[in-house]
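Naming follows writing order (A, B, C, D and E), and every chain is counted from residue 1.
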Amino acid sequence: MLRIFHKRHPPVGARPGTLMVDENRIPPRVAMIRVSADLVEESQVTDVEQLVGVADDRRTTWIDVQGLGDEPMLRRIGELFAIHPLALEDLVNAPQRPKAEAYADQLLLITRMARFEPGSGLDVEQVGVLIGPTWVLTFQEHHGDVLDPVRKRLREGKGPIRTAGPSYLAYALVDTIIDGYYPVIERISERLERLETRVIEQPTPRTLETLNRLKMLLVLLRRGLWPQRDALTQLIKEPSELVTDQVRIYLRDTYDHCAQLVDVIDSQRELVNGLMNTYLSVIGNRTNEVMKVLTIMASIFIPLTFVAGVYGMNFEHMPELHGRWSYPVVLALMALIAGILLVYFRRNGWLGGHGHVDDEDDDDLGSER
Amino acid sequence: MLRIFHKRHPPVGARPGTLMVDENRIPPRVAMIRVSADLVEESQVTDVEQLVGVADDRRTTWIDVQGLGDEPMLRRIGELFAIHPLALEDLVNAPQRPKAEAYADQLLLITRMARFEPGSGLDVEQVGVLIGPTWVLTFQEHHGDVLDPVRKRLREGKGPIRTAGPSYLAYALVDTIIDGYYPVIERISERLERLETRVIEQPTPRTLETLNRLKMLLVLLRRGLWPQRDALTQLIKEPSELVTDQVRIYLRDTYDHCAQLVDVIDSQRELVNGLMNTYLSVIGNRTNEVMKVLTIMASIFIPLTFVAGVYGMNFEHMPELHGRWSYPVVLALMALIAGILLVYFRRNGWLGGHGHVDDEDDDDLGSER
Amino acid sequence: MLRIFHKRHPPVGARPGTLMVDENRIPPRVAMIRVSADLVEESQVTDVEQLVGVADDRRTTWIDVQGLGDEPMLRRIGELFAIHPLALEDLVNAPQRPKAEAYADQLLLITRMARFEPGSGLDVEQVGVLIGPTWVLTFQEHHGDVLDPVRKRLREGKGPIRTAGPSYLAYALVDTIIDGYYPVIERISERLERLETRVIEQPTPRTLETLNRLKMLLVLLRRGLWPQRDALTQLIKEPSELVTDQVRIYLRDTYDHCAQLVDVIDSQRELVNGLMNTYLSVIGNRTNEVMKVLTIMASIFIPLTFVAGVYGMNFEHMPELHGRWSYPVVLALMALIAGILLVYFRRNGWLGGHGHVDDEDDDDLGSER
Amino acid sequence: MLRIFHKRHPPVGARPGTLMVDENRIPPRVAMIRVSADLVEESQVTDVEQLVGVADDRRTTWIDVQGLGDEPMLRRIGELFAIHPLALEDLVNAPQRPKAEAYADQLLLITRMARFEPGSGLDVEQVGVLIGPTWVLTFQEHHGDVLDPVRKRLREGKGPIRTAGPSYLAYALVDTIIDGYYPVIERISERLERLETRVIEQPTPRTLETLNRLKMLLVLLRRGLWPQRDALTQLIKEPSELVTDQVRIYLRDTYDHCAQLVDVIDSQRELVNGLMNTYLSVIGNRTNEVMKVLTIMASIFIPLTFVAGVYGMNFEHMPELHGRWSYPVVLALMALIAGILLVYFRRNGWLGGHGHVDDEDDDDLGSER
Amino acid sequence: MLRIFHKRHPPVGARPGTLMVDENRIPPRVAMIRVSADLVEESQVTDVEQLVGVADDRRTTWIDVQGLGDEPMLRRIGELFAIHPLALEDLVNAPQRPKAEAYADQLLLITRMARFEPGSGLDVEQVGVLIGPTWVLTFQEHHGDVLDPVRKRLREGKGPIRTAGPSYLAYALVDTIIDGYYPVIERISERLERLETRVIEQPTPRTLETLNRLKMLLVLLRRGLWPQRDALTQLIKEPSELVTDQVRIYLRDTYDHCAQLVDVIDSQRELVNGLMNTYLSVIGNRTNEVMKVLTIMASIFIPLTFVAGVYGMNFEHMPELHGRWSYPVVLALMALIAGILLVYFRRNGWLGGHGHVDDEDDDDLGSER
């Protein structure tokens, strides 16, 4: 079953700012990339104290935390970057609803990332992005992400990514996360194509189950994307100095992609609904076919059996029994009855196929280049 | 049957401010907690007159009324805290629609609390919160609540809960009430997982009934949560001095949780709908299976019985009857007929299983870490 | 059949202000209540000219017109109270859509009242309320209403109802009308509880018909209540001096009740939909049960009959027929076949009961205190 | 089949202002009515040049064009009244979406008129209304309309229709067109009542087809009415001097009727959906009945036939065959088997009627006065 | 299967402004039309350098790029016309969501064009329109479009198309694209009419598949049209000097057509839903018919066979067997049983037709002129 809801949430009535760090959490791996116009410096942060002073450095810095399983480290990061307790809670106690929020001189953006991992299926996890004056902090639930292209661009230094400041870097990250939905959607699309064939040709209750699961998956993806639209709008309109005008234009583009993805997901849900209807209709049709066979067999042979039964009766006085041609005549009668019934069934279209008429008619509407 | 609607409401045409206190109401238990920076004072209020003067005390005070079955006491509390008659009506004549309202120097917040009580199922009850200059009043319908963590925080005095004034205390209460929905949702989630198995493997009409009941339950929970979102928004925007700016930020957080819960409930409703469809399809499939067995049995044996019937006829002149090998030939003919029909049924996929093809295909889409 | 739409409307193209007074209208009964702080004066108005001068009296006056079947009288009332032709049209040509409108120094409120009348079912009728500087006019379609509690309060003089002016009186009337929906909703709720049992235990097509009718009833009630919400909002915000600030607060309360009723009706509609699904599923299950019985009977006895048929054939050379133990052996064979089939059916769960497993599991989710 | 969409539209890429006047268009009939306070002058306009100077006349003039099949005449009218090319296009290239638009000193209102014509069913056509300083132009697609009552009011001169200027005249026309939907709705309502009986008592696939068609009809009517609401709102708020304040109040009334009609249509759609469900359930129930008869007949006689078959076997050694009372004993056994099965079926409610229990219960909820 | 989603999108994490030009792209054909009041100059641009200087020419110029398969050329065009990288990305990386955006002195409009191409079905492609101070650039995905009428109008020079500047030219293009949906909708309409007949008379699972495909097609068209409405609104309200007031009025007209198309598509979707319901009901009815035949045949002959079986038993003492008239009496008895059952079935309406009653009743509601 698809998990609709992850079970991690603060204990009821906990103080605001309580971090949910339990044994199921993955231990954090922290990576830092510092860039200036012509230099890149990458390092793994093994000791959180290495981050002292980073917040005040003038270079644009990206600190990426993957795995949220070490409360003291997370708290220390919170102190070093002066993160508001509620912001830290939102970053750590994933999953939160995607949203954008402004705190003094920081901007918090909660996004959701979706990707397929070979072997373990779809992974939907929260990525929290915190934009500071010279740095960007990201908090991910699991190891592994879709952000390698951004790392590559930072290393190669093409485009304004090194020089346009932290808000541009944050935009690049969010844009990459949103674009990461495209391959997921495509994979679902391919799956739907295969399911379409399956539904027509070989439907089983498992097929319906798979359709239901795909629908829930689409619901989950939409639930992740829809509030991101609002978060992006809010970010675009946020009167904070942390977001440059250039970045606002770029975010508008990301917003458009987000809206397009929601559109596509909605269409896919319509398609799933259609396939479910087809499934039910195909099943109904099968029952119909089964019934027809039963009806034809029973309707032909039951009367014949009756006729045979009549002449199997043991009455003393049954003149027909003694006739020379009685037996062949009765056999012929039986054949006649069977023939009449067959004609009747053929007329009602219960025998033989139909459906070829439709073929040529379809071609011009169905396909799309 | 799930009660959609509690039957307690004022008699039609009653004066505004009429309190509905009937014999079904639970007698009130009143508890008072007074806190200052370093002191906590807890007491059970057995006589309402103990509350005289409390309204003017400078310490932050929480008076918690559980059970609404004593009209004179409730009226006296209304007088002592100068509660507007309409506010008192909303607090006492539960259930009201969740809402926030400002009265002169008081703020009224009607919330709904959900919790599971061992042995008696889900309890959804109104909790009315009235915020005054130095005190918070809560009115609950039943004894027992989810607010013990707040009491504990008051006693332990960690965080700003003792010193940040009544609006922070009220926030802590509301936040705890909202967070109290998470375990409920989880329990429903677990139930849905079990039901999913049941629907596929052993569906009975009771299963559908249970699904219907869960759906109504989700409708009820959503009906309680949705207006609380609006109430929280209103509280955040309320230009009253009773709510400090710090609390407004915290309430935004509570609002987010509320929105997330509504999202989850909506997804669960989709899931219930999906399970209902699966249920119907599984039932339909079963009918189909039953039909197939009938059709196979009848289609094979009815023609054979006919053949037997033919040679049971008593005609005098039936040359076949006298042949040496007639009987074994007829038996062989019967076996042939049965064989042909079996081949036909196998070809149509009515015999034997299918569905294994799907298995490997599913794994990569269905699961989510 | 439930009437969705009353057939009374002005002839197409009639002049605005045309009153629809036909022979089906009930002749009006006019009652007048005049109150001052310590006096109440009630009278039946038999001649409309008794109302001359009432509009200018300083005492708060309520003129209640029940039945709209006398055009000259209605027109004369229109003249005496200087009612705008369009307002008079709205008051008389019921049913109009509930709404609030301001005319110079008058406020028009069109509401809809619902009540059960013993013996004749649900009565939904328009009540038009016109608020003037010192008087309130109400126009009802039929005799009888839910407003007796207001009359009693006027007579007894408790609360501010005698002294707070016409807008407070109008509020009391509207509040009573809205509260009058609660007993209706409760009655539907009880009906639904009985229907729930019926659907599970003894569903007939009539049951579905009743569910459909209840759904239409809920649609009608919602259609009446929904625009009243808007009308109340408009009244609360109307910058007219006719509505005092005190009354605006009270109207907010009435608005809340209206919203709550709409919520409850929506939940009931969900419940009706759920019951409809259960109904269809129960019917489907029954077909399934019928099919099973047929399949079991036919599948067991058809092969046996075939065996009997074989040994009823009249071939000369059938060695089995002459064996000493042939007959008992064949009987035993038949018993064996029947036994195998019974085991098969029992394994597939077609024989005997199931469903007890579910019982204990349900209790903790289903109930609500 | 109901036409969802009339096929008349300008060729793709045509210049704006292109008029679609093809051979299917009905040749225009133009009527002119000029009124002043005490005079009415009616005339048929056979030559469009008769309209020269009319635009500058001070009397209120209504020129009514029925049929749009003469392009030069329509163009000439456009010139004479200085109509904006886009306005003329909207008036002529029907159907357009209902809307209101302001052009310099003219106001364009596109409405849709619905009426039943004896013999040819429902006619939904566009009526374009153009309001000028002293005149009103109406363009109708077909001959015949619902506007005769307005013509009569102009002739009789009651009310302000002659003297209140062109905007009042336009209001009278629009109001009459909207009111013209009431008889249509009523007729559909009557039809639905008859269909309700039919669905319960004698449903055929044709019944479902009719329900589908009615639903599409309601969709079409709603599609015509919904944008007219918006158009009326726009007209009410339009800051043009062409609409007097008095007319704005009257238009508010027309708006209310329009909203009420949309409400009623929505309720009717709900009713049609309900009837469709009932239809499917009745059909399902019938299949159920058919199955029951089959099951009862087969389940009773197949075992009996088997017993008869057993004693029809030709074994030499069947001791029962020789007993004196064997035959009557076997007959009695058969009767016993049949009896047991009948009792079983009766217990399961498959024999005999039920449903009378429901009767009394219904009466008090179903009816509405 | 209908493609819901084209698979072309930038690689995840690509720099903004990355153009997606892969081998599947069609090589571009560029055409240029320059017009002044009395001159037209058309040319095919084979070398992109021919466009140098065009951006500064005072004549209104339309450069039309069909096919997006040459990245250097597209980049060079971007340079020559100073196109913002994000705008160029939107123009090239089709499909984008339809939208309007303002860039400094350029206006970007992303539209979607739909047309039927003989032989290859429906083609839905993006047309990007970029409006500059003196020029209009269009980027199409494929060769071939619906814009020939605009080219003809440019050549013929009727109307303001040559002289009203680039915004008028762009309006003409967009208007033509929107109008191009009408023939598509009509074709779907015709298809639906044929499908309606098919559903009633000869439904196969393929019919449902076709209905599903049509529904998805309508979803796709709606998905293309709906955001174009918003884009047009934005363009109308855009405070850019590039759009003249005259053009704003014309765009309002285009907006209306767009809204009408969405309305029609919504109605068609309702119709498709209705046809799906009818399909299911017709299939259900067929099963019903099949069941009836089986039930009639089985119910009549099974009891008769039983009777024959009884008298085929070999008991020694069966007095009936020896009677002179026993055989004819039994035959008569059988006929009687059959007759009684036939009467029973006829009474229940299982034999013979019905449905003619409905005919006359329908005519007056169903048709629309």
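Here is the rule we use: contacts are C-beta pairs under 8 Å (C-beta built on N, C-alpha and C of every residue); 3 or more make two chains touch, one makes a residue touch a chain.
As the structure is a computational prediction, the values presented were derived from the model and not from experiment.
S.K.: Which chains, if any, touch chain C and chain D both?
M.R.: Chains that touch both chain C and chain D, as defined above, do not exist here.
S.K.: How many Å are there between the centre of chain B and the centre of chain C, using C-alpha atoms for each centre?
M.R.: The computed centroid separation for chain B versus chain C comes out at 25 Å.
S.K.: Calculate how many whole Å lie between the centre of chain A and the centre of chain D, each centre taken as the average of the chain's C-alpha atoms.
M.R.: Chain A and chain D have C-alpha centres separated by 40 Å.
S.K.: Which residue numbers or ranges of chain A touch two or more of the other chains?
M.R.: 280, 284, 287, 291, 294, 298, 302, 305, 309, 312-314, 318
S.K.: Building nodes from the protein chains and edges from chain pairs that touch, which of line, ring, star, complete or other describes the result?
M.R.: Here the contact pattern is a ring, one closed loop where every chain has two partners.
S.K.: Mind sorting the chains in ring order for me, with chain C at the start and chain D directly after?
M.R.: C, D, E, A, B
S.K.: Mind listing the chain D positions that touch chain C in their complex?
M.R.: Touch residues, chain D against chain C: 146-150, 152-153, 158-159, 161, 172, 175-176, 179-180, 182-183, 185-186, 189, 192-193, 196, 200, 249-250, 252-253, 256, 259-260, 263-264, 266-268, 270-271, 274-275, 277-278, 280-282, 284-285, 287-288, 291-292, 294-295, 298-299, 302-303, 305-306, 309-310, 312-318, 348, 350, 354-355, 357-358, 361-369.
S.K.: Residues of chain C touching chain D in their complex?
M.R.: Per the touch definition, chain C meets chain D at residues 1-5, 7, 9-17, 86, 89-90, 96-97, 99, 101, 116-117, 119-125, 142, 187-188, 191, 194, 198, 202, 204-210, 212-217, 219-220, 223, 276, 279-280, 283-284, 286-287, 289-291, 293-294, 297-298, 301-302, 304-305, 308-309, 311-314, 318, 320-327, 330-331.
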